[in-house]
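Order as written gives the chain letters A, B, C and D; numbering starts at 1 within each chain.
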Amino acid sequence: MILLWLIVLLLAGGLLAWIAQRWHPSAPRWIALFTVLSSLLLTMLLWVNDGASPTDTAWLIRLEQPWIPQWGVGFSLALDGLSLLLLLLTFFLGLLAVLISWREIQHKVGFFHFNLLWVLAGISGVFLAMDLFLFYFFWEVMLIPMYFLIGIWGHEKKRYAAYKFFLFTQASGLLMLLAILGLYFIHGNQTGTYTFNYFELLNTTLAPVAARWLMFGFLAAFLVKLPVVPFHSWLPDAHSQAPTAGSVILAGLLLKTGAYGLLRFVLPLFPTATVEFAPWAMLLGVIGILYGAILAYSQTDLKRLVAYTSVSHMGFVILGVFAFNEWALQGVVMQMIAHGLSTGALFILAGFLYERLHTRDMNKMGGFWTTAPKMGVMALVFVMASLGLPGLGNFIAEFLTLVGAWQANNWLTVFATIGLVLATAYSLRIMQKVFLERNLKQQVLPDLTFREMLIAAPMVVLMLWLGLYPQPVLDLAQPAIKQQLQAYTPAVPAVTSPAPQTAFYPPATDSTYFQKMKGETYEFK
Amino acid sequence: MNSNDFLHLMPLLILTFGAIINMLVISVWRNHKIIYVITALSMLAAFGSLLEQRTLGPHHIDPLFIIDGFAVFYMGIILLTALLISMLSYAYFEQREEQKEEYYLLLILSTLGACVLVLSKHFASLFLGLEILSVALYALIAYLRKRERSDEGGIKYLILAAFSSAFLLFGMALVYASAGTMEFAAIATAIASAGGLSLLMLTGFGMMIVGVGFKLGVVPFHMWTPDVYEGAPAPVTAFIATVSKGGMLGLLIRFFMEVDGFRYPALVLIFTIIAVASMFVGNLLALMQRNVKRILAYSSIAHMGYLLVAFLAGNEMGVQAITFYLVAYFITTVGAFGIVAMLSDKVRDAELLSDYKGLLWRRPWTATIFTAMLLSLAGIPLTGGFVGKFYILAAGVNTGLWLLVVTLIINSVIGLYYYIKIIAVMFQQPDAATEATARLRPAIYVASMGTLTILALLLVGIGIYPTALLNLIATVLDSYSTVAFR
Amino acid sequence: MSSIPMEAGLLLAGILFVIGMVSVMIRRNVIFMLISVEIMLNAAGLAFIVAGSHWAQPDGQIMFIFILTMAAAEVSVGLALILQLYHHLKTLDSDAANFMKG
Amino acid sequence: MAELLWLIPALPFAGALLLVLLGSRLPRALVTTIGVGSVGISAAVTLLLGIEYLSESPAFYHQVVWNWFNVAGFSPSVAFHLDALSMVFIFVITFVGFLIHVYSTEYMAHDPDYARFFACMNLFVGSMLVLVMADNLLLLYLGWEGVGLCSYLLIGFWYKEKANGYAARKAFIITRVGDTAMAIGLFMLFQTFGTLHIQTISTEAVQVWDTDARMAVIIAFLLLGGAVGKSGQLPLQTWLPDAMAGPTPVSALIHAATMVTAGVYLIARMHVIFELAPGAMMAVAVIGAITLLLAGCAALTQYDLKRVLAYSTISQIGYMFLALGVGAWSAGVFHFMIHAFFKALLFLCAGAIILALHHEQDMRRMGGLQKKLPIVFWTFLIGAASLAAVPLVSAGFYSKDQILWLQLAGENGNIWLYLAGLLGAFITSIYTFRMVFLTFYGESKTHVGHQPTMAIKLPLIILAVLSLVGGFIELPHNFGHVVLFSDFLSPILPTISVVPDFNRYEWMLQLLAAVVSLSGIFIAYLIYLKKPDLRASLHRSETAMAVHRFWHSGWGFDKLYDTLLVRPYVFLAKVNKDDVIDSFYTFLTRLAEAFHDLFSDSQTGLVRNYVMGIVVGAIMILTITIFL
């Protein structure tokens, strides 16, 4: 039931925020802040209570309510580690989104926060829905407020960007709807029970051809959302035109819904078809990595550059998803979170700069380290995260993904790895153009304010945490991933098992080995 | 004709009486309010009489009429829509100095015509219903005599409608000539005995399709739609878009189901072509259009195309899908034109996109309702339009009409563009010039606003919890439908 | 009566119908258009009568009467509209009435 | 004591963290204390540990600080592994590092970004320590990239100069190329062993693979790629000379003493793999040989003092590779240590000079500093002697001689490699003393401003001493035969077996080496001091100048890569700035609009045409009905 309340809370908060504008101009901000904060706390509570207790099934909470019985549509929500992680991410970024809008958004404050909260509600719905009709429902619901966010509070080309975003996602979404219906009827004709329930549909046996087409239907939606080259061209416009909060949510969350869809639906629903398609998918991923990186390198609009980096980073996601092994999928999950943070952070940075300079053009920047060292340090961390420096979350993500991908396909992995070099190129370009060199225009650039530090600092801390001790996250995701992979454990050969001697390594049994080697181990005190 | 028959025909009778009373009252004392009240009451009464018909079984009044669940349901939605439209019309005409009263007379009559259409199971009743509907419409369209656009629309509609009904008649004649009867069921049996369609019969059907297609405003008989929509007063436009099309669609379904036209590839092919063409042409025409009424006209063409997809599914699910979609579509269309009507002033209707600039900030609530309506037309969740479209898609997928389904999808994307274009205009910054258009008298404003609010709530209601409506449709249609499903 | 085959009658009706149709297409004067439509309607009526006589039923003629009355009603409304149109445009050329297009 | 293993890297990190968080607010004195102190303490800890290690002499100390992560059996931990090899490295890192930190307190004294400098330096020391103490390759990779970052930050320390920024980027990107290869190597290692724990791999590699196993060779080459990138060896050496854009202490610490030798460490660390891949071994040796020659020649022609040193560093690391390549592991490591001493010394002296001459780096505007900066002169001379391997007195002689000797005496030695090394030695001594003569002799050209104080002198003297006596812990057979160092390393690194009864020739080779080095010095003396006209004649001859230019540009590698890689990439990027794929979608919209225009033209508003439309429709329908 709590899951339902999460969503309802956000929806209600949104409405309230809209109305509240009449009472006081900044009332909506506080309401939004409170709402998101409380849902964040609620989710953390979930983690503490249920996340800790390992159950035999991966599902922590489930909620089943009849909705449209005639069609076998149920209002069924369920929470597993994956959803929980993504919810945490959602609300964390949501919180930041509210905070960064504090100064940036000055007109139609109420309506803005209404949209913001409804987007969050839609996204959380997507992460929780376990009924395909409901899933599609939320999938669409999250678009409209996002459309408003871009279209009303965006930058100069906002309407174009908003259209593009809406049309792309809508088109792909409808294809998914077709696939859902197809699945629904096939399952219905097989079993006689017509239902959209995820768990029911999981055990549908599909003819290869049907499976392939249905999978493409689902892929259409997810690959566009992810996005994968060549379906990415909505993203740079949407990201660069949206207000900062919008960009953060787009990059941090909306893209993740695509990745989530792949993990949650495509993998378990079409085990055979995906295996056939895997090489192509991985190829797409690699193309995305390289193509995005190249495009990112050439951009002069800071937000556009960051947008293309997301294209590049999301390439790792699809690469990993279609490697079908735990390393890769753990990497993907890490990537979803780490990228959500790092790219969100970069967009926030761009927002800070835009607030001060009213431009996103990097040629008009430079030498800001002198005037704003704090911002410089933050930027450095964010940039390093995006080029995958070890010690920060993205490294774990990318390394695991690549390790996993390597088991599946060597050459593609090699090319993906080359992406890291290109990533270095474009990431350092940001530092160079914005913070290094001389501040020729003599722009006065006040350093980060307290509020801004409040936004930036937690991200840095989280990135470091993810980079140095990701185990909690991995543990949380692990059962979910195992479950998504069930169908594949035979399908994909395991890594060439290490020679038996390695049995004595993990650390627990180190000592024997070290005795043998006349070595001395010391416990960390 | 026994009392039972009269009981079953009660709605029609009530409407007729309503019309007559209107005439009498007008002749003694012209008063907008009173006439309006009479109209509303008669429609309510007619609807009320339906309610207790729900319980009675299907009833044949040979040879002309049949009252079954299908008929009752369609009459129901037609009457309710007409009622809503009359409410909007009151607000609309109150601020215009024309002779308002006859309008309601005509409104009732055309409603009557539509009802007759959905009841009829015989060419004669079909023809009568159709003509009652049409002739009243000619006048309604051209009702605002001061506007030349209005009667330009009237003329165009008159000539074209007469022209197409000539086709319809000739077609009926041919069918009659080859079948020897004008009763649907009998025709079906005749075809069955003849074992297939004779050329004469086919030609007849073909020509009838022209007539029907014209009323539905599907490609290639759609060309009148934009001009008439634009010319007619907003409420009348709403009426054309809903009641007249709905009535015709009801008839089409009944006739086709009776004669089981789906067995004949030629007919299926024709309708498929029409459906695909309507979707594409309608949406593409609307794409860059800057006149809201015309946009809605073109989108209505496309929507008829969508409906035909479900129609071509040709099974129970299809009919239910159509019915559901029709309900959503009625609500949406009435709502949309209601908004247009409300924003219109004495001189002209608010039909240019520029009239809507910044509406979201000038009149948030109105704009929100309009947004809801547009999103419903676009088939976005939280609105009835989504469920309707979903249902149609389901029907299509179920029968495996992949071509049509994919076309539908492509088109709903194209369609999305111009719907959100209107929305985008609404949330632009209002420029000082288009500040608050002439306000209505508060009472009326509240009245029409209330109506619209109810519509919006209904729309969202069936969008979020369609179960109730689905049940209703299922029970009413299935329980004692004589519409023969394959 | 029965010496004349139904097909002939229908053919005649058809020819009438086509004449009406074509003249609607080529005429620009609204009144003439209206007249041509009437011709088409009557062609339909004729077809009904022929069919009715072929099946030896009254229905055809009944339909014809319906058609007549309907046509009358239509013409009356139509003329009213045409008057108004003339009042506005000072012409009966249907092409003049194209404020609305696109 | 060994429980404090983790302190060694932790302290510099802590220092860095402190300085980052509140560096700008702290008074300089405190910054100095934190910056220098942290490294100092970890040096002290290292010392204590070292003593204990020597006394106990276990195979190694091992400490798991925490388990980094664990995914499906892939569980690298943040754990430190200290054996003789790491011991050598952490000694150099902490002590030389400490000295350089001390030195920096004066060198950077007047820099506005004092705190930032020390923050980066500490961060570097920490990462470098992690690199050499990591017990698994992933953690090693962390350190590896970490030092890369610091090198980026410090090269670009004076970020206002555009050039510095680009030099920094160049360094980072080129090393990242190597790292990529290394990363792939790690994937393969993981695929084979299911772990990246170095000891496990080392023990199992021999069981899993037999010599020359394909996997092993590939992996060895990939690791070599990483090493080459970091250590500025061919073909990825181009970044190192530019890296001199950083402050001189940085050059001394990162680009001479420690980071650039990470490659040496990696190869030595993974020697098991390399021994299984003779091909890769050979490659290491050959790369080393070629690099040391090319870099030596380049060094001959530089005018910028620091660039000379940079090229000489490349070339000296070439020697280390040469040693590793023939399996003379301990010799390589030994040369690393000695090189760290004298190269750091040279750089620091250079720094002192540069500081004295108001950031003048061009040797042509130096000269006659012998009198003006006596300490610097003497220390520099010692360093130079060691670099030029002046016989008997200098540590460099012993370390380099060992390498050369093993080229012949080692079981897979090779006459050509030996000759290359010898030639290299010759060139080395020439350019070394070219520096000495140009800088300290002749008439002075620039006024000397700042005189070095204690903070500079002390490190110089200490390092000078080390580069004199450092050699005596490892002496050849024929005099003394001290093998402290190789014994120390023997449990970790296999000792190279010398071809029997070859020893009797050793003294000849030593003589040869001595002659070569001295003659090099003499030539330098002739050209740059005694007979200026010789130099003039060289300048006159066209070919000589052409060669000079070519070498000056570092054998034109920069140009090559620029035309082959950089330009095409940038071009590609710029051409496709606004995304061709997007144009496809724009085309779709255009199409839709075109159709819209088409249809909307059909809406003429004329009744006739509408009638026509209906008729056309009717005809279509009728044709279908009739013909189907």
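Everything below uses one rule, namely that a contact is a pair of C-beta atoms (placed from the backbone, for glycine too) under 8 Å apart; a residue touches a chain by one contact, two chains touch by 3 or more.
Predicted model only: the values in this text are computed from it and were never measured.
**Q** Among the remaining chains, which ones contact both chain A and chain C?
**A** Touching chain A and chain C alike, sorted by label: B, D.
**Q** Decide which interface, B-C or C-D, involves more C-beta pairs in contact, and give its chain pair.
**A** B-C
**Q** Which integer distance in Å separates the CA centroid of chain C from that of chain D?
**A** Chain centroid spacing, chain C to chain D, equals 97 Å.
**Q** Compute the distance, rounded to whole Å, between the mean C-alpha positions of chain B and chain C.
**A** Here chain B and chain C have centroids separated by 26 Å.
**Q** Express in whole angstrom the distance between the two chain centres, defined as the mean CA positions of chain A and chain B.
**A** Once rounded, the distance between the two centres reads 45 Å.
**Q** Roughly how far is chain B from chain D, centre to centre by C-alpha average, rounded to an integer in Å?
**A** A distance of 79 Å separates the two centres.
**Q** Can you list the chain D residues in contact with two or more other chains?
**A** Answer for chain D, listing residues that touch two or more other chains: 600, 603, 605, 607, 611.
**Q** Of all the residues in chain A, which ones touch at least 2 other chains?
**A** Where chain A is concerned, no single residue meets two or more other chains.
**Q** Check each residue of chain B and list the ones that touch at least two other chains.
**A** Expected reply: 155-156, 159, 163, 167, 226-227, 289.
**Q** For each chain, which other chains does it touch, given as pairs?
**A** A-B, A-D, B-C, B-D, C-D
**Q** Which chain B residues qualify as touching chain C in the complex?
**A** 123-124, 127-128, 131, 134-135, 138-139, 142, 145, 148-149, 151-156, 158-159, 162-163, 165-167, 169-170, 172-174, 176-177, 180, 182, 200, 226-227, 230-231, 289, 294
**Q** State the interface residues of chain D toward chain A in the complex, per the touch definition above.
**A** Listed in rising order, the residues are 2-3, 5-6, 20, 24, 56, 58-75, 77-79, 116, 138, 141-142, 144-146, 149, 152-153, 156, 159-160, 162, 165-166, 168-169, 172-173, 176-177, 179-180, 183-184, 186-188, 190-195, 197, 199-200, 203-204, 207-208, 569-570, 572-574, 576-577, 579, 581-582, 584-585.
**Q** For the complex, give me every residue of chain A touching chain D.
**A** Its residues touching chain D are 164, 229-230, 232-233, 236, 294-295, 297-299, 325-327, 330, 367, 369-370, 373, 377, 380, 384, 389-391, 395-396, 399-400, 402-403, 406-407, 413-414, 417-418, 420-421, 424-425, 428-429, 432, 435-438, 468-471, 474, 478, 495-499, 501-502, 505-507, 510, 513-514, 517-525.
**Q** Tell me, which parts of chain D touch chain C in their complex?
**A** That would be residues 600, 603-608, 611-612, 615 of chain D.
**Q** Please output the residues of chain B touching chain A within their complex, sorted ascending.
**A** Residues 360-361, 375, 380-382, 386, 390, 393-394, 397-398, 405-406, 409-410, 412-413, 416-417, 420-421, 424, 427, 465-467, 470-471, 474 of chain B touch chain A in their complex.
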